[in-house]
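Letters A, B, C and D name the chains as they come in the text, with residue numbers starting at 1 for each one.
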């Protein structure tokens, strides 16, 4: 497990690491009443956080240490079950920067949110 | 208080609403060990979530009901104390869309992250 | 050809449509001295515009009429030849919204920029 | 004038620099038929490019040389006249990174688009 998978905030959300390499990382979690808003939807911050765990885990699974610089998320659909799965894939980079795309789906494979992000390498 | 301020996820993070109108909303929280990663930094998902509470609270403080469509965050500096304050301001919109900018600072007023977002109105 | 491919701004940039459907559109152009800045790099606005043509062409190749709401671009590498190719793929959506991802490469297939965007349907 | 203001792509678009410092830069241009699409709207790439000139000009008006890493734009309203004005303001940064926000208005002061971006310093 990467250090990120052991972070207390990952525990708070109930996020589990399924896989992690510099090229790809996968995290999952169960949606609980704590994660939903008054309209019954999952909080944007919950979906973002799961995607961010996958991103942070992947970019730190290589030889360098990377810190997130920017990230964006677009919400595409509501979950049809009680699971969230975030799959981060590296889409490009240089020695200094790493760029990722994270697709968040529910347990049925429905695309819920697309997250893209950039991290930079610290010395 | 808006419903968002009473959501269980806001309680989980310890986020409190200081102010909320369609034009501006302010949320604050204390940084605890639960929110920090192995490097000592605050998780991106925590900062994003606080900004998202302020955004969601503001856009639902008017007459319509709005749902977040897209948001992005750029991290600018690390907190110098144990407080996070997110101030959402409406920057534009139409009958259907509302656009916000949320500045996140620490308790000393240092700019930590800039979040911008768009919500759409549901019938 | 879609109307976008015939727009005068596409002609100004020398952008040509290679393919266009609601699911995928491809545009290409040659990099000329007009498109480069003093450092020899291609202007961000040129790369963005090509990606935007592919996005706009794709989302209007279906049955509805769509207008761009938000877009973001992250620059990953410099072109190694004098060609830019933008491939827009639909990543999700509802009746009202369409979400796309556009990868911009050079003629050798090097990933130069990742663009993601959202459009909404007009009546 | 900064080098950016003299770039051929700025000339192609008819963009003029009104002001430029590390803290703030302003560019303006007239909207011509070349810049509009079949629906009569200004191309997203044109609005983005003007904002990008202001951003690039500002971040290179200080002591370092900066290159754009990421930018995003959200479109808020249509122009009510034939002018576009982009005002870039520095919102934060470190020795290595500079973060800007660019508001694009028409000549009447209506907010048309909000652009935010990050550049990194090259040695």
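To be clear about the criterion, a residue touches a chain if its C-beta (ideal position, glycine included) is under 8 Å from a C-beta of that chain, and two chains touch if they have at least 3 such contacts.
Everything quoted here is computed from the prediction, not taken from an experiment.
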Comparison of B-C and B-D (more C-beta pairs in contact): B-D
Superimpose the Cα trace of chain A on the Cα trace of chain B, which carries the same sequence, then give the rotation angle to the nearest 5°. 180
List the centre-to-centre spacing of chain C and chain D in whole Å, with centres computed as mean CA coordinates. 19
In angstrom, rounded to a whole number, how far apart do the mean CA points of chain B and chain D lie? 26
Taking each chain's centre as its mean C-alpha position, how far apart are chain B and chain C in Å? 31
Which parts of chain B, given as residue numbers and ranges, touch two or more other chains? 69-70, 72, 74, 97, 118
Hey, how would you classify the chain contact layout here, line, ring, star, complete or other? complete
Applying the document's contact rule, which stretches of chain D touch chain C when the two form their complex? 3-4, 6-9, 12-13, 33-39, 41, 43-46, 48-50, 52-53, 56, 65, 67-75
Quick check on the complex: what are the chain B residues that touch chain C? 69-70, 72, 96-97, 118, 120
Going by the contact rule at the top, pick out the chain A residues touching chain C in the complex. 70, 72, 74, 76-77, 91-94, 97, 99, 101, 103, 111, 114, 116, 118
